[in-house]
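Shared chain: subunit A. Partners: subunit B in the first complex, subunit C in the second.
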Partner chain A sequence: MFSAELFTQSLIAGIVIGIIYALMALGITFIYSIVKMINWAMGEFYMLGSFVQYFLVVGLLGPDLWWVAALLSAAAVFLVGWLIEPVLIKPMFTGGIERRDDYATVVTIALLLLMRNLATALNGPYQRSPGTNLGTVMLGPLPESGARLAAALCALAAMVLFWVLLKKTWLGLALRASSQSRVGVQIAGVDILRLDQVAFGIGVGLAGVAGALLAPVFLVFPTNGVVTTTKGFEIIVIGGLGSIPGAVVAGILLGVAESLGAAFISSPYQNAYGFVLLLAVLLIKPSGLFGERMRHA
Partner chain B sequence: MSALLEIADAHAGYTSGVDILQGLTLSVAPGSLTLVIGPNGAGKSTLLKTVFGFLRPHRGEIAFKGEPIGRLGPAEIKRRGIAYVPQEINVFPLLTIEENLRMGGWLLRRDPAGLRRQMDKIYASFPALAGRRREAAGNLSGGQGRMLSVAREMMTEPALMLVDEPTAGLAPNLVDQVYAHLQTARRVLDATILLVDQNVDDAIAQADTVYMVNLGRIKAEGPAASFPPERVKALVQECLLG
Partner chain C sequence: MSALSARRLWLPILLALACAAAILVLSRFLGEYGVHVLNTSLYYVILAASWNVLAGFTGRFSLAHQAFAAIGAYTSGLLATRYDLPLWVTIPAAVLAAILLGFLLGRLVLRMRAVYLAIATWAFAETIHILLTAAYAITRGELGLSVPPVFSDMDPRSYLYLFTGLAVVSVLGLHAFVRSPLGYFMRAIRDDELRAQSLGVDTVAIKTLVFTVTSGVAGLAGAFYGHYVVVLSPQIADFSEMAKIIVMVVVGGFGSFVGPLIGAPPVQILSSYLAKYGEWDMVIFAVVVIGFMRFNPGGLVDLVRAGWRRVRPTRS
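What follows is the complex of A and B.
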């Protein structure tokens, strides 16, 4: 049965969760466009972000300072990515490796297994929650979870910050240029290996923020990155690999499709609606909504 | 006068065991336009890539201003005052013309005043770019794209510009323009140019010194005047027929 109120509420809920999904997809697509690789361990950086958030909130800062914790979690995940990149990813370009895609796939899947098992060994299989003091917020007549809304607003802020970085700074200029020509930026005198390192850190940092922000909503456990990563990859196929606007628009579309599907068709199939959307996009525009037919390095 | 760039017995290639440069020796006098010609596959582009540090010579020496640079990477070589205009279209198509020039001025990123000064100088030398500075570089025509890639490398006032086949794939009426851009670069910067070109007759007319490369070595060298068309033709035939 259709009701306008339920529709509006589902729409808003979908947009809210979609914005956070988009953050995840943004990280994946950004690393791809700079370092030319798919990071399959993205969900594990999300998981890392959620654990850091949990320990900071529970052990140090308390639930009221959740936003400080989220900033610190993002910084911590950036740092971990920044430290890992020279060891695992850099040999892709300096080690005389011929099949770079295969190398990146194997290495990041190994990293995924390592991080997930390490988390299970240290934490056990338990689900934890940092808790939240954010109550339900009324958007007009419609209730929305305060933690979700706060997460979406922070995700939006993170995206704006990311956009400003790309558009207004020298680093951003080099990153945009690098996504168009790796040779070109080297000719300009950019140290491309250091640029890769920073780009990888920023990309996983975006996943880390998503993990930190969603910690009270989707809880904290060693495999909590799986669902969000799956969504991240769905979004990338829908939006087009390598497209930043594509990631944002497709993220929101996915969130809305799931939310409306759950409300008006059947809620147990919530995760399936995204795939229906994905199939529809693949039928109509196989390169994704904002994708190019072929991307050249 | 001592050479600005000195290459002695350089051996380099893309995969180990397969050398494209096989003991190449060449020197570039300061202020000159030195031209490298030779048949396809002779190693001309490889030579420029090796000087700029994309390839490391595993034997031989490369010296710039008297200092060895053979072990350095592109970023460091650029800092020392060498710029590289590759053969491929090398503008960033989705960046604006101004952003392309800013990328060219990457080394000046902590010197906003110097960057502004350089950019104004470039716009004065290439007024066609000034009027379109907010446009995406991908909209430029082939000839204007070459103009931008030359202009971009002028941002850091390099002492030596390596230029690879600047007229390849251009309509004949644009060829003169491209050479005019190179001469502008020379005049404005007082720069030395090491030019690789297939467009031999036109390029020799621009050059001071000519080297002919075959199979990764120098086959002939001398002042441009000593390479009249008949001699070039005879040399090319020798190269091709072995």
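What follows is the complex of A and C.
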């Protein structure tokens, strides 16, 4: 049963949620471009962000100041990432260029295990909600949850900020350069290992923002990052590993695909449509929508 | 046949049989729960050893090993319950299903950079988990699917013979696989794929073969495990199972054939007896894994070797 109204509503809902997925994917692909590793614990930083948001909103600021809480959560997650990187990730590099990929994979999976189980041990399996005072917003004739819309707008703002940082600042220049050549950046006198530290912090900070913004929508519990992270991974394959526009476009595409799939095909399988999209892209254009042609290393 | 190659052929078989005998003797001193823990340890030995062949020897990470075990368990379980087929039909069918899915997934992603396999298998495993939960009309979702047991008496001791035999056969098979000429190609791919390619190795074919074979082994272990635990739930496809396999391999010795064999049982035994304290066992294992990766990446095998080297000179 096709109705134009349901279609438009699903489309908008898909774009709204897709923007937040894109934020997650952006964090993954950004860390990959600079530090040359996949951070498998991304969902746990998302979880951390949502817990900080919960405790700030419930214990300190109240639901009206959710945006202050989201900023603080992002800063807190950035700081945690910035502090963890030199201890756990840096030993992957010997001399800044030679790297051990298996080390990074295993260590970030261990970090995932550590954070997830620590959260379960401390919090229990309870699902918490920070609550929200944002009511339903009418987009023309169509209702949309205020919390979701606010989350999407803030995610857009975070992306713009991220883009300004990359394109307009010295740090951004150095980061873009190191994504092209780790050797070249070092020859130019930049301390690549400090750059890695900042990049890792920013990347997990983006996951933290996503977690904080989605806290009232998807609730707060120790494994709440799994679904969003899986979508993040699907998005970077669909969009092309290492491509920032790819992450944004593919994020919205995935959000729309699963929203329409849930409305018109079957809703229990909502979280499986992303994988179907991933398979389709791998069959047709393996390097992803915006991916460069395959290069080794 | 020279003496050396005869030794190479018989030594692993003798060692495996000796270990099997030791396990069976040990089980005489254990209660029913102890034997159950041994059975599950042997299941994880198979999973850890096969995952290590892919990750440790070929340098390609699959994060869906637990999903292939789940595919094996559910395929065999569903065929047996819905179509009343005997287990000697359903278990080979389950292995075939795991092999087929492994081959298709491998064909899609193994042409690309190494990280693609890890990402795609992560998404694949999550999707299998979602499907098992969502298709409750078929799989009964979180309620659990009751499947027939292998032995009617349900005594863990009879299963101990089964799992010991299964572990011996799988481990010897994997050992032959790694020691065959293909094993050299696998290590060449791990160390420098581009160089292996330029020397004429069909790296994509080798990687696909290894991924398919190891996924099939996981499916085999999962199929038997399903008919042992008798109630299947989507939990066996959860990422925590994958993480446990990685913990076992790293603790034992990543990239060493013996590593997972000596890493899996202590991890499984500890986590079985620490289960009553909640999630803390996994917190501890995570810290141990980070410690090993950071300061002793060779795992227990390396520690034992280092200890042996310190002891030996005083003896001779």
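What we mean here is this: the second predicted complex is superposed on the first by the 288 of 297 C-alpha atoms of A that agree within 3 Å, B and C clash if a C-alpha of one lies under 4 Å from a C-alpha of the other, contacts with A are read in each partner's own complex, and residues count from 1 in each chain.
Throughout what follows, a residue touches a chain if its C-beta (ideal position, glycine included) is under 8 Å from a C-beta of that chain, and two chains touch if they have at least 3 such contacts.
Keep in mind the model is a prediction, meaning the values are calculated, not measured.
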{"item": "Partner chain in contact with A:Ala13 - subunit B first, subunit C second, else both or neither", "value": "neither"}
{"item": "Touching partner for A:Thr230 - first (subunit B), second (subunit C), both, neither", "value": "second"}
{"item": "Touching partner for A:Leu111 - first (subunit B), second (subunit C), both, neither", "value": "second"}
{"item": "Touched partner set for A:Tyr32, first subunit B, second subunit C, both or neither", "value": "second"}
{"item": "Contacts of A:Ala215 with subunit B and subunit C, given as first, second, both or neither", "value": "neither"}
{"item": "Which of subunit B and subunit C A:Ser287 touches, first, second, both or neither", "value": "second"}
{"item": "Subunit A residues touched - subunit C or subunit B, whichever exceeds", "value": "C"}
{"item": "Subunit B versus subunit C as contact partner of A:Val183, first or second or both or neither", "value": "first"}
{"item": "Contacts of A:Pro91 with subunit B and subunit C, given as first, second, both or neither", "value": "second"}
{"item": "Subunit B and subunit C contact sites that coincide on subunit A, given as residue numbers", "value": "none"}
{"item": "Residues of subunit A touching subunit C in the complex", "value": "32, 38, 40, 88, 91, 101-103, 105-107, 109-114, 117-118, 120-121, 226-227, 230, 233-234, 236-237, 241, 268-269, 271-272, 274-275, 278-279, 282-283, 286-287, 294-297"}
{"item": "Interface residues, subunit B side, partner subunit A - complex", "value": "52, 54, 73-75, 78-79, 83-84, 86, 88, 90-95, 99, 102-104, 106-107, 109, 152-153, 156"}
{"item": "Residues of subunit A that touch subunit B when the two form their complex", "value": "170, 173-174, 176-177, 180-181, 183-192"}
{"item": "Subunit C residues within the subunit A interface of the complex", "value": "55, 59, 61, 63, 108-109, 111-116, 118-120, 122-124, 126-127, 130-131, 134-135, 193-194, 239-240, 243, 246-247, 250, 254, 278-280, 282-283, 285-287, 289-290, 293-294, 297"}
